[in-house]
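One chain, chain A, appears in both complexes that follow, with chain B as partner in the first and chain C in the second.
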Partner chain A sequence: MTAILKKPAFLASAEARAVLALFLVFLLGLIFNGDGAFLQAGTHRDALRQASVTGILACGMTVVILAGGIDLAAGSILAFSAISFSIFAIWWAWLPFLAIVAAIGCGLACGVVSGSLTSGLRIQPFIATLAMMVFARGLAKSISGGVKVSTSLPNADGTYHSIQLPAIFRQIDSRFAGDNISVVTLIFLMCAALCWVLLSRHRFGQYVYAVGGNEEAARLSGVPVGMTKIAAYAISGAMAAIAGICQAAQEQQGDPEAGSGYELTAIAMVVIGGTSLTGGRGGVGLTLLGTVIIGYLEKILSINAVPEANRLMLTGVIIVLAVLTQRRGGRGA
Partner chain B sequence: MRKLEVGMIAVLMMLSGCGGASTVKTGEKSKTHWKVGMSQCNLGEPWRVQMNSDIRTAAAAFPDMEVIFKDAQNDTLKQRSHIEEFVSAKVDLLLVSPNEAQPLTEPVAKAHAAGIPVIVLDRALMGEQFTTFIGADNRKIGQAAGQWIVSKTGGKGDVVELKGLMTSIPAQDRDAGFREAIRGAGLTIVFEADMKWLEAQARKEMESALARFPKIDVVYAHNDPGAHGAYLASKAAGREKQMLFVSIDALPQEGQSYVRDGIVNATFLYPTGGKEAIYTARQILQGQSVPRKITLQSRVFTKENVDRGGDPIELK
Partner chain C sequence: MTPLPLVRMKDIRKQFGPTAVLTDACLDIFPGEVHILAGENGAGKSTLIKILAGVYQDWEGEVEYFGNARRLRSTEEARRIGVSVIHQELSLVPGMTLAENLFLGRNRTRFGLVRRREQRQAALGWLAKVGLAADPDSPVDHLPLAAQQLLEIAKALLGDARVIVMDEPTSALSASDVNRLFGLIDQLKKEGRGIVYITHKMEEIERLADRITVLRDGAWIGTKMAAELPVRELIRWMVGREVNQVTTREHVPVGEERLRLERFSVRGRGGQEIIRNVSLTVSKGEIVGLAGLQGSGVTELLEGLFGSFGDATSGKIWVNKQLVNIRSTRNAMRNRLALVTADRKSKGLNLEGSIIHNVIIAALPSLSPWGWRRRSTEREATDRQVRALRLKAPSLHSAAWQLSGGNQQKVVLARWLLTTPHVLLLDEPTRGVDVGAKEEIYRLIQQWTQEGMAILLNSTDLPELLALSDRILVLHRGEVTASLQRAEANPEKILAAAMGRLGTQ
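Right, the complex of A and B next:
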């Protein structure tokens, strides 16, 4: 039995298995192509753009999961940063660069707090980031006054007037390379590249894998465990902020309800890619594949106009199948 | 100390149901300061934020009236405790926009039985244990949107319907009314999707619709953000000029702004009833009788009429 289940040699690496899962999803798209919609270039551009915001969250999530943690606050920090960015750029008319840096700072600060709660006060990551998830959502609602931050501003008499949307919003939501690639997708790829460099080409990466693999051993061999964890959550917070800026740009407004539940999609992307939830094993390259797999899955369900109930059930089934494909073959299973 | 004792006695009297509550109420009636409790089911939606803001604005005109707001954050049991808190705080009148009908019917009935007049807003309750209901009719507004689309297109064309959360009654009604109105005309719904009231979701679904259908004539979205998301998707595909965008809600900062900016062609007001609630509350508090049910009228906003506040629509 195990002999039959044993995977062929070319599926020995997690990357190869993730590529296989992606290939299967593609096949699904070719079969259920929505009257040929799947065969159009625009569909692929849009699928990648749609997956980008959660993909950026997933990059930060990968770092935290590799370090043996989890970040449930990512979706809320996204909303808080989207609101901050919209307030800075629309209401206060800051320079785009300044608004972006300040918004990323907001997300980073949230991440530092989450990290300090887990490493300093020794609160379990699940609880610490759950607390941050609730808190950051409240913060988003509080600074926005509970309404969307948009170009339409209230007059004293209860009516509204519109102001100009800052150009940065349209720039982030534009496309290049002959209209074939979204700027948001490029931002996602840059975030993934940044995380990859940090994890694979930098001492910080070794620390992350060491802490996630065996925290005690890492501590004994002189790894600064506390700082590594704080840095991991800070990166996740900063990534959530970048995702928030992209979300705000695409909606042309900051929505305090934005991104709720996105953290779970991001976690699914990380796991489907093949990064282990127990920490220490995996990488951001896998998350890139996981993001594309989930992104295409959503797109295929959408172009076929599958009803919501069936969509949810199918997504559940396909996540299980993708994770099974991803599982190590033979004895490792 | 004395105050506390009196309060405790009052509570005991209410608990034992010996008619203490009505005595308390007549006592308060002679006062010139009304305390009104407003139990909102969820402030996560801009439309409900608008409802609270309409109530606040209308009440601000009356210095003898104070409104206390509570937000149940979509949690029915939390709303139940809010209603109970208002009863024990002895408000003079209760405004409630219930999260769900069944579980909140009884708490509201108890408040009503304790002698507190109750105005139910937007979502109905079961039975008769409240003073009056103020709300609009989503089905009729959906119909009005359908009729408008039929008249603008001459009854021909391909429609994309971006639906609100289809497990919610408003989305079901906006869908049903629309379909009734276009039945028999030559309009075909070629693509429909549940965008759950969310702009980002609407944009995704619209991109799929655009990829599948080279010709789309009308987008009917169940709320303003839905139409806005669909517009952005169509604009990115360079096809926004080929279609009409129609939505419901017409919030001043959303739908009405979008109409002014040429993004949405028509948006239909789903009134919050906030202002009407305060006026009705005053009538009740001053001892006047009010109808059991007040149905709010909708208005249509287009580029031509948005600056004069839209036009009333004939709901057939």
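Right, the complex of A and C next:
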């Protein structure tokens, strides 16, 4: 068993393994290039754009997982924030900036509640965020009245009339640099950069790793364990909100059903990157690679017209393979 | 005629990646002997034992079990042929009862169903054999550590193990429990079983050893009958140089009072008092020793003082003659207290984290103004401590789990030194640390007192406690039963007080 999984020295770091996995995926794309589709710039732009929304979730998820938690509510918070943003911007015609800040505030607040449930009331992260997942989905449906929040509004007689879609929606869903980069992809990269700065350049990051690595030791070293956890979930909530705003912009409406199951894709991205689910080991750079790997995989499968059913099965297999290559050899001992 | 060995290991080599852990290790185990496997941490003792027990398969060399050369494929196979290892970290399943743990993997069944009553009946017999008076139906979580250890031995006996390996079995046991364990070992020896015993404690080697094998840096140094291997020679084998066995305390002038406790009490989760009305003072340059058997509450006293028990404490605390209120570990640190916990792995280190991470974590607020890290400052601060403590590591970015026990302990010490404490609380600072590193830690402790630190030291290693302490307080069931000056303290007095006989107050 150990002999089969023995790794050469240059694959000692998780980063190297993730880069290798990405390289293999690229190779796969070059071989099965969907009659040359893989060789066109647009394919790459779309692969990245489509992975960006879940990628933003994955950034926040990385922080929570590093702190030894898990955030199952991310997908629902995405929906709640998408609805909030659409209500603020479309129905209430708030200034775009205000609508964005308020929507992020909604996601952040959900995260603070999740974090407080785990650190204050000592509910297991899985359970606390499962509860928040259901609650936030309900909240999204409640404030939207169970319908999509769009530019078509009902009249008194049952017919509909349309209002103008605020410009911010199209702006977020646009591209630049000669149509080659999506704004959403840029937002994703900025979120990753923000998380990276917090994790590796700020005191907070050391606290996150300390709490995820050994919570009791962290507490006895004066690390503010409770605040660290709450902040981690708050960041995840805020990231989910940003993802929600992007999603709403892409769909030009707020959908209370949006983002369900996204949290699981986000977790897969984090794990494929090489961050340990037990906490304390990994980083957001790895998640960036994990996101791109999954994004490209899905794109390659779709340009080769692999049917949905096979695509799902293949993705499952590939997740297992990726995690196996990411497994570190037995701890020294 | 000498009997045949139960196990013969010859020229064992094992690598972890590019590093050779064992280069040519040998070990013979004969029936009816206690064979001490000695060596500093990192000498390869644990690796050799894991090969013996079938944990590793990719090694070179030759192992004969009961006369047949074979390579085990699993620990289960080892157990089946009669080789049982009791690891430092016990392998009992919490939540299951004693009987269930005992029969785990070899349940008495009928039609696939466990015959609980029969198991329970049989369990009583096995528990009696190891001298463990406990209800087989109670969950193992509530058992004291000593009893869990006995249960592990019962498990080994149940599998009719002819070779039993014990890896530092007494590291968490009190003196009376240790005696019970030794009695049991004598009995196992009489039954013709071969015992391999790994320990760092000289008294244990002197008490138990029939033969001694020493490993150093993965290589076999020698095997001798215990009677033919004097302590000095043994230590020389282990470290490759001569070491004074226990340090001598240099006199440090005692300065002003650093810490004063008055009627300090700590309540446990159930509300019962674990520490009751303890009063003590520690002054600048002074080491006050704390002694106590298992369950005496010494660890809780230190952790309670450090704010770990929140507001489940009462009494008055003065630090530098200021009355303080310590309700959290952060509180305690603000008052210039530092605690080195007894359990390094579960309460001290972030094993995944780098040396830098582990060293700076407590002093981080002062190292990172406005929250932003200054990596060069962090590296310099860590490097300074690493040099001062002579911590050996491939790089400051090495993960803590890659270090030996002694170096791990130095990481924890470095962390607290970086916070420049006035009062240092040391709970078992040399547990699981090899002889060489122990000496260095003794030297450091003395150096810190010379620099004006006040130290409260708990150690179950009596020679160590006697050598280092200026005064010794003995606790029994959470209360102070004796206060001994350095000159009048001896093991007999300490033990008597620790067992509840009131001594000189």
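To be clear about the criterion, the second predicted complex is superposed on the first by the 323 of 333 C-alpha atoms of A that agree within 3 Å, B and C clash if a C-alpha of one lies under 4 Å from a C-alpha of the other, contacts with A are read in each partner's own complex, and residues count from 1 in each chain.
We take it that a contact is a pair of C-beta atoms (placed from the backbone, for glycine too) under 8 Å apart; a residue touches a chain by one contact, two chains touch by 3 or more.
Every value quoted in this text rests on a predicted model; they were computed, and no experiment measured them.
Of the two partner chains placed around the shared chain by superposition, chain B is the only one that A:P154 touches, whereas chain C remains out of contact.
In the superposition on chain A, contact of A:E257 is made with chain B only, not with chain C.
Shared-chain residue A:Y209: touches chain C; no touch with chain B. Comparing the two complexes, no residue of chain A contacts chain B in one case and chain C in the other.
Of all residues in chain A, those touching chain C in their complex are 2-3, 9, 200-207, 209-210, 213-214, 216-224, 276, 280-281, 329, 331-333. By the touch rule above, chain C contacts chain A in their complex via residues 16-18, 46-47, 50, 57-58, 303, 306, 308, 329-330, 333, 339, 341, 346-353, 357, 360-362, 364-365, 368, 371-373, 401-402, 415. On the chain A side of its complex with chain B, the touching residues are 34-35, 37, 40, 42-43, 46, 50, 146-148, 150-154, 158-160, 162, 173, 175, 247, 250-252, 255, 257-258, 298-299, 302-303, 305, 307-308. By the touch criterion stated above, chain B contacts chain A in their complex at residues 43-44, 46, 49, 53, 57, 166, 191-194, 196, 199-200, 203-205, 207-208, 210-212, 228-229, 232, 236-237, 252-254, 256-257, 260-261.
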